[in-house]
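A, B, C and D are the chain letters, set down in written order, and residue numbers restart from 1 in every chain.
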Amino acid sequence: MKFIKENGPHIKNSDTTSKIMTRFLISLIPIVCFVIFKNTVLVYFFTSETLISVLHPIFMIIVGVLTSFISELLWFKLVNKTNIKTSFLELYRSFSIIPGLLLALVLPINTPLWIVAFGAFCGTIIGKMLYGGFGQNIFNPALIGYLFISVSYNALLGSPLNAYELDTLAGATPLTNLTSLNYFGTYDSIVGSYGTLLNFFSGTIPGTLGEVSKLLILIAFIYLVITKTIKWRIPTTYVTTVFVVTWIIGNSLGLGIWYPLFHILSGGLLFGAVFMATDPVTSPLTPIGQVLHGISLGLLTVVIRFLTPYPEGVMTSILFMNMLVPLFDKIGVRLRYNIKRIYIPILIYLVITILLIINIISNINNNKTNGIDDVGNKVKIIEIKKDGNKKIYNVTSKGWGTIKAEVEVVDKEIKSIIVTDKKDETQWNELEKVDYIYKVITNQKDINKLDAVSGSTFSSEAIKNIIKKVLSEELK
Amino acid sequence: MKKIFSYLFKENPVFVLVLGLCSVLAVTTTFERSYMMGVVVLVILVLSNLIVSLIRKIVSEEIRIPVYIIIISTLVTITELILNKYSKPLYDAFGIYLPLIVVNCVVLGRALSYASKNKVLDSIKDGFKSGLGYLVAISIIGLLRELLGNGTITIMNDISGITGYKEILHIFNNVVIPNKLFLTSGGAFILLGIVIGIINGRRSEV
Amino acid sequence: MNIITIFITTLITENVILTKFLGICSFLGTSNKEKNALGMGISVTFVVLISTILTYLINKFILIPTNSAYLQTITFILVIACFVQITELIIKKYFKDLYKSLGIYLPLITTNCAVFGIILTNIRSNYNLIESISNALGSCLGFVLVLYIFTLLREKIENNDILKSFKGIPIALITAGIMALIFGRLV
Amino acid sequence: MIRGLKLEGKKEMSLSEEIIDFSSPSRVCVPLMNNNTSCECLVKKGKKVRKGTIIGIRKNMDFPILSPVSGTVIGIDKCLYLNGEEVDCVVIENDKKENVIKKTLVKDITKYTKDEFVELLRKCAVTGMGGSDFPTFFKYKSDASFLIVNAVECEPYLTADMMLVKLKAEVILESIDAIRKINNIKKCFIAFKENNEIVRNAFLEYIGNYENIILSPVKNIYPMGWERHLVKSVLNLEYDRYPSEVGVIVNNVSTIFAIYKALKFQRNITKRIVTITGEGFTEPINVLVKVGTDMSSIIKKIGKYRGDKLKFIAGGPMMGTALPTDHVVVSNNLGAVTIISDTLDEINECMGCSRCIKVCPAKLCPALIMKNINNVDELKKLHPELCVECGLCSYVCPSKLGLRDSVINAKKKVK
């Protein structure tokens, strides 16, 4: 009798990679259903949109999934030159649809389909297949797709609001609203326009496709942790860090417990923490590494939200921390055998956190004392060139990031505004659609009557502020 | 013809030896700047090889590197002065990457490994060959970056002050939306990586 | 511009490697091993800091008064080369252990464009001495930071089944590109 | 914290009231091996031997290998050992007379001095029968204050120790008490799985007479039988390399029985209980066999193999080695053979789920060790030398990777 010779152990756990990935997909099903409910069913019944246009979110998901599937199939066919049958086997084993699905879920609702396809293609080919396929990528493929989209076609992404929300809301997501308020305001101004925090929890606020329903994300998280599918340490430390830091900030500004809750419940924080940051391939292996990973993610997210013009920092934080995964694992391994040294990272993180909080608070306080409506603080005149009776003002204005513009003035009247440097292309597209600059110039005498363009409040305000400042300078 | 082609891709200083990547990545936002940088490097390479080869018997082993660096930096300084005088836009566009030719590994590398050991004519030939390889590589990268990132090909714009000829081709004419990714630094890295990868693949196939 | 802004900008937003493409040769060359990367990083930082001060002084007190700014390229490269040579000699003679670990990187530094590039940036941006040092320090730390992260990433993908033609330099460049894009998203 | 995993026991399969005696084979092949070190042969073809005749010696420890039967040496042959290698064995024709060198019967087994005891263990060639085959006298050389008797048998399927306890609990307790008195040990503990009622009841019946022997149930996790886990669980002590550092001796329960034989009859290990079990075998059972018996001859007599793509494992399914044939010779440390069908696993890339790291009882990072297998500098920092080869990392791996193999490989590399 011949027996199979093999090294032990000879019994294996019944859990397999495919089962893990299947559970991961199962946990996403309710979220996809909610996407369809919120953006298709609701919109169809409450607005006059056509059926095709309300089906757009579903198409986005389908396009994302199909593109990543097909591009992986093509890779196996053309590059690895495997035959169709083995290609399909490989595809089954490499879970090709996940990057496309996750990518579609982190994009705004009105993203053109070809951009979704572009992102899914880049994410799959560059983020995953070039690195050797499933299990070997160092960056989360879905986020690579997102990164490529946001670098390449940020201007074309479209508004994150669905048609129903466009009708009812002011035209910004909660976090962009917060940024425009310089991170400070009352409950009414920050949360109020979207309902209550319960709306944030249930998901009836604007945001990208998958991120809005925190309730379903929480359920998915519990399911995934109970079935031991994801690393629970990362999302918990991530969210806790954000909560603690924003709580301290809110507290010292005299804001209640709703402020940190707002930060946790708005934007893609929970979605990213549960589905992206825990991607097993691109997160640390050691428990200590995972904790460090979570804390760093939280701190970086706070940095991006408060100190840069980007209102949302989750995706960038996760990508950035993907780079540091080997470092965290290295530290994790060292500390695993020498636990006494743990005070070193604790100390470092403590110092960084304190510095960060001090910096943010002083920033907000500066803005507060200078007043939010103070035009003079937001617009700065860098230089004035005189050319006969023509004057050219070189100004910067704080809108979404800093806008630089040249304003030409003849006889105390603004003749033209040329924006030389702008930060946010999405908003500019909206402005250009309605020829806003022309409107501003023609209405310069009573500028306050001019409404802001929905979807690009800050940029409209920034332009209006420039006019106010230059005219007041002229009248002196 | 085949020989030249195979040389350009089999022993290309950029694609194969991976030297002098600074400028290949930095100044290639338009086609014109790319090939102009290529031409400048080509000229400096030929001249430095010529001079190094001429003085190869006088210079002793120990002080070789400093002497060569002085020679190359003199040549670069002259180029800087010329460009500054005749084509200010190009000079500004190149910025610090023009003086950085001094530490471009292609130039110093050829001087050390070839020109210091060979006859004048051979050295010039070698310099020309390497320089041409560099020129082709940087032009390809520049062409791709501008075409994909901006949808245009700048045949001549910055130096039209000298030539009086100005031409920017608009290729896609808004049919295809250009991808700004390729104009960013990250895009440059990725593009170069992919191009080198594809050339590697071709090479191993032939 | 205040010095902290310069420092942060050069450290992250305008990283020497990722946005200015300086020091790519050593970036690709010495990033195989963690130890090499750190050795190179420390050597570069040291050389850049000292030569920043030297070139600043030379520029201010010799080149500008004598109206010979066009000699900057030659002068600076000579300063760097000489300084590197002298450092090498000193380390070789007095710090044997240090020489063993850093010695092999020193000759490479002369032709490292990061060193020359940072110094040129200092001069061309008309920074004063403190700003120059801040810029040099920020740039060098940025160099070390990116080099170190990149090395760890390369170690991680070392055993991957990457396509044969993409192994080594191409995948390293793509990784660097993605890193550059991520750094670019931070501000 | 004691790291481990609860595994499906599958012990009931081979449990029975009695064990079958197969202890008179026509010939035996005694492996010249001790604790994975090959030993020197001291007999020639044709020599008559009795039970207890020295047939080989481990030179560096002066540790003998004794004949388990009486009869004639036929020669030296290569036979399959439980680690999967072909090793030199002394082949002895059994005359079935069971002649011993010297018949002795010690009335009071506590009468030995410590030195005599250690020398007796060496002479009688008592080795660790739990699997290590390490010479037991070595453990008793230094003074100890605690003795832990390992009756945990944490591997699934295995019941040999359980059967031994069930049948011989009284003598085992007597033996433990004797060892305690001889070595001046303060307290003795018998560690067994908390859910193992058979062992508990067997001991409870007789333990009333011994106040210094304590039953200490331990958690039902694998690898609870590992010395380090036992010492931690029973005494809450930790040590660096050997339990003797904290004054603890850990002995397997079957070793204790072997010591009893040595104390009482001054006889060596000639027989042992072996579990033959697994889904791939029709009649799972415990058998009493002579050391040196060819396992296949016994298996033939008992039952048949069942199913195809079978694995014949010397030992339990976690740590045992799958052998190419069933002609493995019984050695002191072969507690079981398990016959199970091969699991057809789909092997995937490591996806970094970190389960192996969570579960590793030795606190290793198997996935990282596997990824850094070519990087010796990094490997040293990952301490693969601490591995106990329990196999849990491979067991939990959802990608079904051979993590245990790569850690063992790494262990060799850092040496």
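Here, contacts are C-beta pairs under 8 Å (C-beta built on N, C-alpha and C of every residue); 3 or more make two chains touch, one makes a residue touch a chain.
What you see is a predicted model; the values in this text were computed from it and never measured.
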### Message
If I rank C-D and A-D by number of C-beta contact pairs, which comes first?
### Response
A-D
### Task
Could you name the chain whose Cα mean is nearest to the mean of all protein Cα atoms here?
A
### Query
Of the other chains, whose C-alpha centre is the longest way from the centre of subunit C?
D
### Query
Between subunit B and subunit D, what is the separation of their C-alpha centroids in Å?
71
### Message
Taking the mean of the CA coordinates per chain, how far is subunit C from subunit D in Å?
### Response
60
### Query
In whole angstrom, how far does the Cα centroid of subunit A sit from the Cα centroid of subunit D?
58
### Query
How far is the middle of subunit A from the middle of subunit B, if each middle is the mean of its Cα atoms, in Å?
39
## Note on the structure
Residue numbers in subunit A touching two or more further chains are 126, 133, 136, 148, 151
#### Entry: For subunit B, residues that touch 2 or more chains besides their own
181, 184, 186-187, 190
### Message
If a residue has to touch 2 or more other chains to count, which residues of subunit C qualify?
### Response
155-156, 163, 166, 171, 174, 178-179, 181-182, 184
### All touching chain pairs, where touch follows the definition stated at the start
A-B, A-C, A-D, B-C, C-D
### Message
Per the contact definition, I'd like the list of subunit A residues that touch subunit B in the complex.
### Response
126, 148, 151-153, 156
### Query
Which of the residues in subunit A end up touching subunit D in this complex?
1-13, 15-20, 93, 133-136, 228, 231, 280-287, 290, 329, 333-334, 336-337
### Query
Where on subunit C is subunit B touching in the complex?
18-22, 24-25, 28, 70-74, 77-78, 81-82, 85, 110-113, 116-117, 120-121, 124, 163-166, 169-174, 176-182, 184
### subunit C contact footprint on subunit B (complex, rising order)
18-19, 21-23, 25-26, 65-66, 69-70, 73-74, 76-77, 80-81, 95-96, 99-100, 102-105, 108, 181, 184-194, 196-198, 200-201, 203-204
### Query
Can you name the residues of subunit A that touch subunit C in the complex?
79, 126-127, 130-133, 136, 138-139, 144, 147-148, 150-151, 304, 308, 310, 316, 319-320, 323-327, 330
